[in-house]
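Residue numbering begins at 1 within each chain, and the chains themselves are lettered A, B, C and D in the order written.
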Amino acid sequence: MTLTPDNPAVSLNDVSKLYGRFAALRMVTADFAPGRLYLILGENGAGKSTLLRVIAGLIEPSHGKLTILGSSDHKAVKAHLGYMAHASMLYDELSGRENLAYFANLYGIREHALCAQAIRTVGLDPTLERRVGQYSQGMRQRLSLARAILNDPRILLLDEPFSNVDVGSAKEMTRLLGSMRDSGKTIFLVTHQPALLEGFADESVYMSAGRVIERVDHRAPTLEAKR
Amino acid sequence: MKFLYAAYGITWAVHIIYLIILTRGFGKLRDDIKDLERD
Amino acid sequence: MRSKFAIFALFTLALLSWGLYQALVAAPTEATMGPVQRIFYYHVPNAWVMELCFPLNFLASIIYLVNRKPAVDAFAVATAEVGVVFCTVVLLTGPIWARPVWGIWWTWDARLTSTLVLWLIYIGYLMLRKLSTGGSNPVLAASFAIFGCLDAVFVFMAIRWFRTQHPQPVFGGGANSGIDPRMMHAFLINMLAFTCYGALLVWIRYTLERTRQKVDEAHAMKSLMHHEAGAK
Amino acid sequence: MSVLGILRTTLAKDLRMEWRSKDAINSMLFFALLVVVIFSFSFDLTAEESRQIAGGLIWVALLFAAVVALNQTWARELRNQVLDAYRVSPAPAESLFLAKTIGNFLFVAVLELLMTPLFIVFYNLRSVGPVHQLVLASLLGNWALVVNGTFFGAISIRTRSREVLLPLILFPISIPALLAMVGATTSTLTGEGSAHLPLVFLGVYDVVFTLVGLFLFETVLQAE
């Protein structure tokens, strides 16, 4: 995997996000090359989730410039983003299939086979008629991942995808993410359990108090770049 | 006559109350700035 | 800036005192209404300032949605709040005038009613500002302000058209040709005085909001450095 | 990405969810019923008097009840942060706004259908003027309530107080529409005066606020 800093998948230039007296992000400048799996690490309140939400376009930065896939118009690249949060982002009152069919529609995807495919990919049964409200936490988390990868995104943003998931499922999800990265996708993953991704992650990004304080490249340990 | 004075009195009462609110706003702001300088 | 402010404040104060003298002493007592007519010298200028403030708030809200400058938002807050203050004065002095002249405190007359609705709309605006959190606050408020100001147009029409059971008295006798020039004089002085006073209040409120924004930002930056120092 | 296609699926999804839970419609119905019964207890009216005030009562009852539905439709999107899934997608914001507005319009329309017989029974009503004017007034009035209500619902769920704020900002804004609805209804019921002007007024009001809503909704939806 070669770094292509001239053509990063995501590029942040002096991005800040202030909430009244609180700075969630402060002057973050960073380029992220495509086709890599980035682990975003840091204590609570370090700005990890905010960073993901800014890249996802859910939060407008207070200052600074954000470029995604070479475009600074966020609307133009929305179709290429996948986002998964702590919360399931699913309707409890609908079945898994109904949920995915609805979200697929938002991306202009009409084939039902594709939804079934996404559900199978995360290891769930697409014929399950149960409402999502009755799913276990692990199942919900997997379905949530299925929702995030429905549109075959080029950039995948995952906020704590393994919280409350049993180790077996987590391993399975990790393998899936690894193969997605190998197919050229850029993945950002916020987690408290970096051990689960041992060997899969390309780079660890450490955040503290709204800043990126350190980046460790696992593929080229000799080039360990400090920021 | 009493209506006239009541109207003028109330006008200034409202405006003075607002001025007091503004002054208190500035007072709070001053405290905040002091906070900022303290540590 | 500070000295300019002081000069303007003193000038306004002088105008207001002179206006008060003109309204209570210099202007002759009106024949039919008696001394209550003098309420008019305060009531109408206050209404005028209110009518200036709300459209300014509307404009500021539109501009804010386009350029997202915090200063514009601060101006929007200032005009809305000052507008509400003057609106309150109008709503209180109106009935005090109505009681001796019409014999009732309140009537669902077109002007009183629309002023009341306007007051309710902008109180809603201020509540929205107070209750909304985080960075979305000014955007939500600005969108609401646009609805509110457009709605005001409908309020005026609706009340004029669908609420006309009561006879509509001509307010303040109108500026008919027989008006005493000294009355006109007192009226114009007070118009000027209250317009200056309104501008002064907007200036103060704007400064307050703008300073608060800057202090908040400084706090945000500092809490961060503090945090970082602690973490390392 | 078609605006209408997403509008249709969003509406279908909302109606299916409402059909399964019946949260909004049940609470709204019961609320409206309570208002009607309480009003009916509080005033002892003759047929002529009730004709005079029924227009006002029915719209006040609907306004209060509509707030319940409006809050429900947005609260549903807030659970599990589902709204974020819409916000990250390239789907147009206008589709969501129209789908929610039409959904709420249907809920309130159902409510109107069920409340009309109630009103006729409790208040001993009989229309003097042409009935089609009442139908028109209820359709236009309903849209006026829900188009603003849906927009403000999206604003108020973003705030600290959530459900409480909606009536506080919606009611003042709805006053001109309310006056027109009551004007049209009363003049039809009593046969005095023309309902023409208030109906035209409502039509203009609907068009203006639908356009403003469509224009500003994306800004509000994406504000964070």
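The rule is short, and it goes like this: contacts are C-beta pairs under 8 Å (C-beta built on N, C-alpha and C of every residue); 3 or more make two chains touch, one makes a residue touch a chain.
Values in this document were obtained by computation on a predicted structure and should not be read as measured data.
S.K.: Of the pairs A-C and C-D, which shows more C-beta pairs in contact?
M.R.: C-D
S.K.: Mind having a look at which chain is the central one, using mean CA positions?
M.R.: So the chain sitting closest to the middle is D.
S.K.: Round to the nearest whole Å and give the separation of the Cα centres of chain A and chain C.
M.R.: Using C-alpha averages as centres, the distance is 49 Å.
S.K.: Between chain B and chain D, what is the separation of their C-alpha centroids in Å?
M.R.: Chain B and chain D have C-alpha centres separated by 40 Å.
S.K.: Starting from the mean Cα coordinates of chain C and chain D, work out the distance between those two points in Å.
M.R.: Their C-alpha centroids are separated by 31 Å.
S.K.: Two or more other chains touching the same residue: where does that happen in chain B?
M.R.: Within chain B, no residue contacts more than one other chain.
S.K.: Where in chain C do residues touch two or more of the other chains?
M.R.: 133-135, 219
S.K.: Two or more other chains touching the same residue: where does that happen in chain D?
M.R.: If we look for residues of chain D contacting two or more partner chains, we find 223-224.
S.K.: If you look only at chain D, which of its residues touch chain C in the complex?
M.R.: My answer: residues 148, 151-152, 155-156, 158-161, 165, 168-169, 171-173, 175-177, 179-180, 182-183, 197-198, 201, 205, 208-209, 212, 216, 219-220, 223-224.
S.K.: What residues on chain C touch chain B, complex-wise?
M.R.: These residues of chain C touch chain B: 20, 24, 35-36, 38-39, 42-43, 46, 85, 88-89, 92-93, 96-97, 99-100, 197, 201, 204-205, 208, 211-212, 215, 218-219, 222, 226.
S.K.: Of all residues in chain A, which touch chain C in the complex?
M.R.: 17-23, 26, 43, 59-60, 62, 208-211
S.K.: Spell out the residues on chain C that touch chain A in their complex, using ranges where they run on.
M.R.: Spelled out, the residues of chain C in touch with chain A are 133-135, 216-217, 219-221, 223-224, 227-228, 231.
S.K.: Which of the residues in chain B come into contact with chain C in the complex?
M.R.: 1, 3-4, 6-8, 10-11, 14-15, 18, 22, 25-26, 29, 32-33, 35-36, 39
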